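Okay, got some structures for you below.
Heads up, the next two complexes both have chain A, just with different partners, chain B and then chain C.
Up next is the complex of A and B:
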């Protein structure tokens, strides 16, 4: 089986702009081909990741970007659509059905993917803020974590986002700013939430031979782990840890032949502040209940290892583009091409992308 | 008679498999374990509050009825571990709603 590499990346600024999904999608593809030596004629599959209800987006993207793929279709899986599309692209290449796959994610600020209508066990409490509040309360209770400790997550990630030209947030904030921001619920402040936005990100995946031909410095997908624990939030095993993330990370790290301590840089799915420490713990990057302390240490020492682009909280969360934007960041980090966000000497990186309160997760391990 | 038609009448009835007796939640027409047909169980259901929070002055809580979990509204300040029953439920504007006390 061939190795699969990321041969090129494209990304655009995340905004609240009212722009058609087709044009948002095209923009990161234009950025990708402008910034690389890859030729468009090499693309033989196009996968679009989005929660948009617009139809036939992969053929539309192919036509508008001047691509002539054999395979072209959409992948949807709520917030981890992006990494699911990357895993699909990987599989096409590994199976020999395709050699070069363009994976593009895009979303509009008013995405229908923000609420899973099917999950009616939540009654009228359907918005993500309700599951996030239950997780935050449960996590704080189990590990005796204060709201000030959780507030460090947005403080750190908004600070990182200031060095990310594509991030929606441009403003640093203090713990006090977070605590004094609008109390959305008793357990979540406004500054602890990632915001839906308009944005797009793309990666060009290629077989080993093609990746070496198309790029001077391909980044390899060394590990993939996925777990779907349930669809409904009320089915979750725990509300203070992420079971699907734990399994996905374990599988991905084993496939890559790595342990959690080998990870130099990671983008984790901080949809709300509590998700970051929960993800760090569930992936074994720290012990149970140790996530908030790890965030504090990273902030104090200006260590950008976790969410160097600002995560979802700092960058914004265009659902279908998020997983791909995370992979773009880790690719840039591993190529030592992340500018003022650079984590020195990063050789092994990780992407953690999840959906619907962590009912499903994807973890990718990337290597230079 | 389905979970939803009963709920529309303000009755909360827990679906279970007619063959293997597994609780089937969220409600679907077939058992996720044996794919057998689902019926509705009778009786008063007592639940336990597993977690809660509050938005705009109104409490909401995660309530467990055995294998069934729901998010429900509750008027008075809840406690984790508190025993509750459904006091009001139904369908409003297409959304299910549950209230416990």
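Up next is the complex of A and C:
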């Protein structure tokens, strides 16, 4: 079977701007083609990732971007729509139905994907912050983690975001700032939350031959793992680990022929601060309860290995674009093209993208 | 590469019922598992096809149906969402990422996919009937087709629908009824329109080995063709032919190693009466301008070759379910399991599903 590579990337600054979804989508596609040798005529599938209620966005994007694909449709799965669309694009290429696939994710700051209408089990409320609060309480209690330790996640990620020209905010913050920020739930402070925003990111996926033709330095999708454990939060096996993430990471690493210790750089889905240490543990990048210590070490040593662009907390979280923006960052890192965010010598990278209290997860392993 | 087959089907009556999208989705999945030997544990991907604004429906369906897939997401592309999801499912299997994929489409009668917010070029109005009106006028003028000839499409398809237990309406109508029905636009009468409805249809796709294990008589997806020509109606190359349909049919038939004359039975996307003869011509099932004559011949001889279940006009048009319902019909026909709708000796069938004035089309060729 052909290898599938990322041949080009596009991304735009994440903002709170009131733009139409169609124009937000188009902007990262324009950035992609301006920054690469790829030609529009080579694209034979266009996949849009979004939670927007607007319909037929893939044909609309194709028309506005001057593309004439065969396959074109939208992919939605809340916050991991982006990596779902990338895996779908991978499968179109690996199956032989397409050779070059544009995967473009976009969201507006007021995305309808932020409200979980269906699941009143999330504490009787409809916003993800309520499940995050339950996870935070459970995680802190089980592993005796303090509020200060979890606060290191946003401090570290906001610090990284200052070197990310596309991050929504460049404001530094201290542990004190986090702890003194508004208490949104019993266990979550305002500065521990990623913020919805307007943004877009795109990748051009290609078969091995096409990737080598379209790019001087393609990055390869070496491993893919996905798991949907449930939709409802209360079906989780535990409130202090992420079952779907554990399974997805295991499958992705096995497919790539790697162990967790081989990962040089990773984008991890820190929708709320507690998600980062939980994901690190569930993926085996450290032992159970070791995530908070790993964060503290990175905080102390200014190590950028996890969430070098600032993660969701530092960069902003445009739902349908997030997974693709994560992949853009890891691609730039593996190409040694990440400027002041560069993690030295990165050869193997990982993207972790999840939805709805970690009820579903995607993990991608990328390689030079 | 592995062949991909349809191992099981599920469908429910199309109605105007006010059910939640989650429960409509579930019903055809329950029907699928009740009517087959397939086990829920074999399903490793769940794709939902819908225009509903509800999010995260694939994980929700998985949970309610007792499935634990790896891959799960929604696919949307207006009226051909269903076949887009089937092709995506095909590619997950052909790429090796999945072995068995449930593709389930559903819609409510009040689907937001019926309003085309983005394209004011459709006569300044937002409903598809305005482009259908332009197509009807152009087609009738170019080929000197009368109103009576086009009226044979709904009469024939409503006649077929009387043998379809899942059709929304069993009411017969005459050419006179069609011509005397309410004039909705200058060139479209009420009885020439398919009607939005609440409905659901599901197929279980499987690799060759799995299909043979799960089903005594799998039907194979032998050909796939897709084309997105544009999103905006005014970019069409002609108002009296369907460019995307022509290209998609050509690719699908070539992939299957068939000529148009080999097709024994077909479901054709008759969103409005004029679409049926135009699609027949664009797919090469007859020559340019010959579609209306082909319809008249079928009308006169009670030949059920085209739209044996009644098409969209006879069965109802639950947008995201339509392409899958078409595939369910052709699967039943090829298994000689279509009861009083059976087209004798059918061995090679075709599904034609399109969106938004034919700006995009999918064609599938199915075989025993």
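The rule we apply is simple: the second predicted complex is superposed on the first by the 365 of 368 C-alpha atoms of A that agree within 3 Å, B and C clash if a C-alpha of one lies under 4 Å from a C-alpha of the other, contacts with A are read in each partner's own complex, and residues count from 1 in each chain.
To be clear about the criterion, a residue touches a chain if its C-beta (ideal position, glycine included) is under 8 Å from a C-beta of that chain, and two chains touch if they have at least 3 such contacts.
All values reported here derive from a predicted model rather than from experimental measurement.
In the superposition on chain A, A:74 makes contact with chain C only, not with chain B. Legend: residue contacts after superposition of the two complexes on their common chain; A:296 is shown touching neither chain B nor chain C. In the superposed model, A:355 lies in contact with chain C only, and not with chain B. Looking at the shared chain after the overlay, A:56 reaches chain C, while chain B stays out of its contact range. By the touch criterion defined above, A:229 lies against chain C but remains apart from chain B after alignment on the C-alpha atoms of chain A. Look at A:142: by the touch rule set out above, it reaches neither chain B nor chain C.
When the two structures are aligned on the shared chain, A:212 is found in touch with neither chain B nor chain C. Note on chain A: of its two partners chain C and chain B, the one contacting more of its residues is C. Overlap of the chain B and chain C interfaces on chain A comprises residues 232, 235. Residues 119-126, 129-130, 133-134, 136-138, 141, 184-187, 232, 234-235, 239 of chain A are the ones that touch chain B when the two sit in their complex. The touching residues of chain C, when paired with chain A in their complex, are 1, 22, 46, 51, 53-56, 58-60, 62-63, 68-78, 81, 84-85, 87-88, 90-97, 112-113, 116-118, 224-232, 235, 248, 251, 355-356, 359-360.
Every residue of chain B that touches chain A in the complex is listed here, in rising order: 25-26, 50-55, 60, 62, 68-73, 80, 92, 95-98.
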